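Next up: some structures, all given as structure tokens.
Same chain, two partners: chain A is paired with chain B first, then with chain C.
And now, the complex of A and B:
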């Protein structure tokens, strides 16, 4: 008989209930001027989801809903990661919502639903649920990207994101349909049935597989499918950009990981060359384009593309250790990016005026603490030792080397060198240059201060003592 | 006979789908969309999925399209130049992608493999579909409920007029 263990969905349920509470109770309470209700509920929701995720650590693998839902170490890890992302974006967005006088109820509701979508994606064991999870993640982001509707740029970003996202979803859905047509099953672990035939030997199945990869490639902004990234990241409100660059990427990467290292692992020989080139292009184009950006959000967008390339490298490496390296890098990438975007959000000022990298000139004199933390995040993104960025790259490159892709590692190392230039340029501006025009003094709200302290500490701690997390992730990296 | 009908309905669906996205007048687009739904319903019938075909006509071609037309007429959208966000280069890219995909599928169709994934739910019975929805596909079904809720919230956010300086083009996005 089918197993309907709903408790495996506990984090999602808690978050859904919180979103519904906000929607139901905010309007009457707003009239009574009970400020802070929605934020508190959202905060409680994310903390609850985080707690429930942490409670699942160490429990045996379980599945529910007739095998549609899988609760393994990977999904537990990702639930925790997404809860942290949700919490951080919430903390970042509250000062922004106040500063720019934006309506917050719908913003919080959509934020919560986007995080639920990520969680569903990470624990779905077959493609229909995965797809609906992806849509549940994308739909709120389309709206959030254009949340400030009185600004031309955000409208353009939202429209572009929506159209290209819908295009990617269509390709993904087409691929899923073809998979279903050939195999009659959509389970990620057994897409290729035990017929002994190579999974991609049937042309229809191969077409389906590649369409799925292209669809996911859009979401992680791998290079031939990256056109939207910079414009959308620049145009969206900064907290939303943080959510896109960390959450979406992690969720799509996790699905790609499940797909490549479970169901389609036997076909590695066929997809490896393509993935190889995808990784090379993604790293190189991302880093080279980041060199010429003068807007900090565009720069971080291209740097995010480059980091997606490093993550693809880990998929090429494969194996349990390679997967663990990927998951470790995801944690590191998430933390340092959240930190960097939090600082960008603080410094941009009302109306998001100060987003040029030259606005960071002389920051060390104005806000020494912010400058120091930004330096740590940028150094970590560049992969300087004693930061999590270095450790993550180290693990990924070693595993890729072990898997025998020497050329790939050489290209990745060269890319890392290139990337140092544009990260250091911002640091140079912050410390060596004088202030560029008159800037308002940036006051750091306590909540964001705590978030920044936390991300800084994790960045440094994982850079010095990565072993505990890596060992824990070895369990998550065994994918069925 | 069945093959002829299939190609007929497929051609109808594709042609009207093309018309939907190329018409300047939103009302014409909406009417072509109705035609597109009819073509799809025909294909469902050929697959013996009578219930799905009936739903397709009643819900999509009927109810939803009527709402669409209502909205379009209430907003009184003029057949204007929509702001072009894509340059001609990316337009050409999309045409190319479509053609390549079409070619690939045509090629694949010629060396078609047997479909092993036929689902017995396609017998046309409402009961079989309900069984699939509430048993096997319960999880995606429930998540879809959340998805619809998000769509409603998103639509409300996008349609709200609160911007200090609303411009005409923005209200329609």
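And now, the complex of A and C:
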């Protein structure tokens, strides 16, 4: 009964074709000075993928390639999310590529492949396919992180990311192998067989499971697997940082979600305490470390770690509603982070010189619109009402409390209190401090302007009217 | 028809007006001021509808509007007004245009943003007073921090940043735990009834018990006590009040503090009746300490604004003991005192703002003998001072008297200490008046100060009128408050309310009671 329905991979195929087109045609065309060719192809690719993703909404669950791939509402949702992320990162990166005069062909191709990797992760129903997706995502990112290869910090970031990433991949692969050895299957839904024995009672099975969790924990930058995050985020080009902080996190979180709420759900009693601590550590360390950062990208890196902690909370909550809360938060987190990084990318100036939070002093006077939008993103990240950040947190906390983890919710709430302080500090600098020193002349390209307007509006809109997305996500949250 | 929409419009109008400021060209600051004045005045006129069409006989919420907002979580957009919130809403809408006028000349930088914040703040505060869904309430409760943060932080005094951040973080500490308690309440309700809802009325049907109720009550109380502020959580208040620009101080003292006391009445009392009885002695003690401590600190201040700020701590302590007396007089007095304090302290901050605009100092020692150069200003300041210290015939008396009356039935000791606070209040306020306005002119700069201009008279006169109105004829106010207070007492005690005639010496009930007011007021004449 093997089903080879290739159409499930339509978005991936469109993107791959575009990437190949760029690789093949860019060199001859460049000589003819046909500027903008590769950008346009990439743009078409992401728009096409987005369109195909939207087309899948409402279709019944389907699987393909012998059950290796699955097209359910969850994968559809994530495909759309990744297409949006790819599109946004593309829009952010074009002015950056021009500004710093970097070669763009390879950049675009790598970006597209990374997004394809995320998409494959999101629709894999089996661990090896998932691993292939993960590698397809990671390898381009290692290169992208070090794309400005004449800059020391970038090289450091890339190398660090590569070494630690490879290590994590190895652990993940080891875990997968152990799973295979124990259960003889790698399907996410059927690992941990219901043979009456507790699913993780076998030592090998337990080891395999935890290795997989560690491997994924590295990608979502959960504490204590987070040590690479700040350095890599800081050193990478800003659009790449945006991609890592939203896309990679979402993809790995989605796999974790599938894993925990499908195959390993019966073992919840065993992994719950560990996940509980993982969530607490991730939130707390992320927020506390963010307090002392003076570089905006490092600050956002640690804030991203903290947000990964909130997402882990939702996995602790479990259940369809808990999963829906997680997916909602992913959307919100993605939107507000993309917006924030887009502004960081605009303001850092040529050579990425202005990345200190103190460079934001007096921004409200120089550029009131950028300051206002940044304020909205930061307030949303801090979880102030009327923003998607608040709604998402509220959903997650409510579901977690429903699942009975009162302590966890209180810790999370106190954490968001801590986070208010460092987000407010940037707002304070933008509005209440006079500018000083050399400041970049900041022109906002129309494309980035549209991206910012879009992310701002979505941040506010989902903060006021989350219903439709939430309802749609309830369907996506019924996993398997 | 209009009844079902009015609250929504009232709440939305300032925000919409505030957003529309974006459309006004950058150099037209004057237009922004006029626009902001028009919007806030329009909101006030709209809110008068509530005053006239409020049904005195109805104990429940009126002008109710309810819509499903996020059905999956049982969250509604639900608003309504009862006797407790009516006056606070009117106070808010009244103060808003006055603050706009009050900052007409003093705010010259970033006027657009300033008025946006002011209008946004108004929406937040109005929302707090009208929400009858806990989620909606929380949204407004939190969101109003943002414009206030900007108001203090951008247009404030020298230590504005410290004050703004302190204000934000302090309030946030309380509200974060309140959110946990709200979610807990809702989840508990769902366990009991199977329904998920954030509607206050529904949540009342599944009360928490024992330890859980006490903890949840404490979480709510912490949030509200910080806002009130109750000793020892008051330390943010002097900083915020002193550093804020005039408009900010007026809104803070006039309305914002009442969000805390209102929260106790609206949520703590009905949701956790037993726990409230448990914590009453503690709250009473802290409130009494606050009354005396605030008054003593006020006595020691050199800065006029700081003095008034500490007097707020003292006055809000009065409100708290009145409310926690948990009887008709105490509660009614507490609400009257909220309104009274909003009017008189709002007026005091406005008046201080006016003198600051002229002299750019607020130190008591920099003044003296102002009565000679600014007679009109002196008159208004004097009336406001007398109202603030509770002179019979002015608004402060009504609340204070009822509070003491209510508290006396519960705790004589607390009443005695609180009464000491009244005396101390008279001392520090009269000392202030004496040193600023009377005696000889000690500083040459003060010799040529101009008296109030028409704009400033327009600001202050409505408040003066209200002081006399409430002081001389409080019945229309009390009769609006009373039914809701009775209803609240039923919820808290589960007992039949006492007949209103016997219970209240001032104001309420039939025409016969009128004579009770007049002799009392007459003593002051």
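The rule is simple: the second predicted complex is superposed on the first by the 478 of 480 C-alpha atoms of A that agree within 3 Å, B and C clash if a C-alpha of one lies under 4 Å from a C-alpha of the other, contacts with A are read in each partner's own complex, and residues count from 1 in each chain.
Here is the rule we use: a contact is a pair of C-beta atoms (placed from the backbone, for glycine too) under 8 Å apart; a residue touches a chain by one contact, two chains touch by 3 or more.
Computed from a predicted model, the values in this text were never measured in an experiment.
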Superposed partners chain B and chain C on chain A - clash or fit: fit
Chain A-centred angle between chain C and chain B, computed on Cα centres after superposition, in steps of 10 °: 150
Partner chain in contact with A:116 - chain B first, chain C second, else both or neither: first
Contacts of A:69 with chain B and chain C, given as first, second, both or neither: first
In the superposition, chain B vs chain C on chain A residues touched: B
Chain B versus chain C as contact partner of A:140, first or second or both or neither: first
Partner chain(s) touched by A:301 [first = chain B, second = chain C, both, neither]: neither
Touched partner set for A:156, first chain B, second chain C, both or neither: first
Partner chain in contact with A:14 - chain B first, chain C second, else both or neither: neither
Touched partner set for A:421, first chain B, second chain C, both or neither: second
First, second, both or neither for A:432, with chain B first and chain C second: second
Shortest CA-CA distance in Å separating chain B from chain C in the superposed model: 37
Chain C-contacting residues of chain A that also contact chain B: none
List of chain A residues in touch with chain C within their complex: 321, 364, 368, 379, 384-386, 390, 394-395, 397-398, 401-402, 406, 409-410, 413-414, 416-417, 420-421, 424, 427-428, 431-432, 466-467, 470-471, 474
Residue numbers on chain C that touch chain A, as the complex places them: 69-73, 110, 113, 135, 138-140, 142-143, 145-146, 149-150, 153-154, 160-161, 164-165, 168-169, 172-173, 176-177, 179-180, 183-184, 186-187, 190
Chain A contact footprint on chain B (complex, rising order): 85, 90, 94, 101, 104-105, 107-108, 111-113, 115-119, 135-140, 143-144, 146-147, 149-151, 153-154, 156-158, 160, 162-166, 170, 173
Interface residues, chain A side, partner chain B - complex: 2, 4, 16, 23, 64-66, 68-69, 103, 106, 109-110, 113, 116, 120, 124, 128-129, 132-133, 135-136, 139-140, 142-143, 146-147, 149-150, 155-156, 158-160, 163, 167, 174, 180-185, 202-204, 207, 227
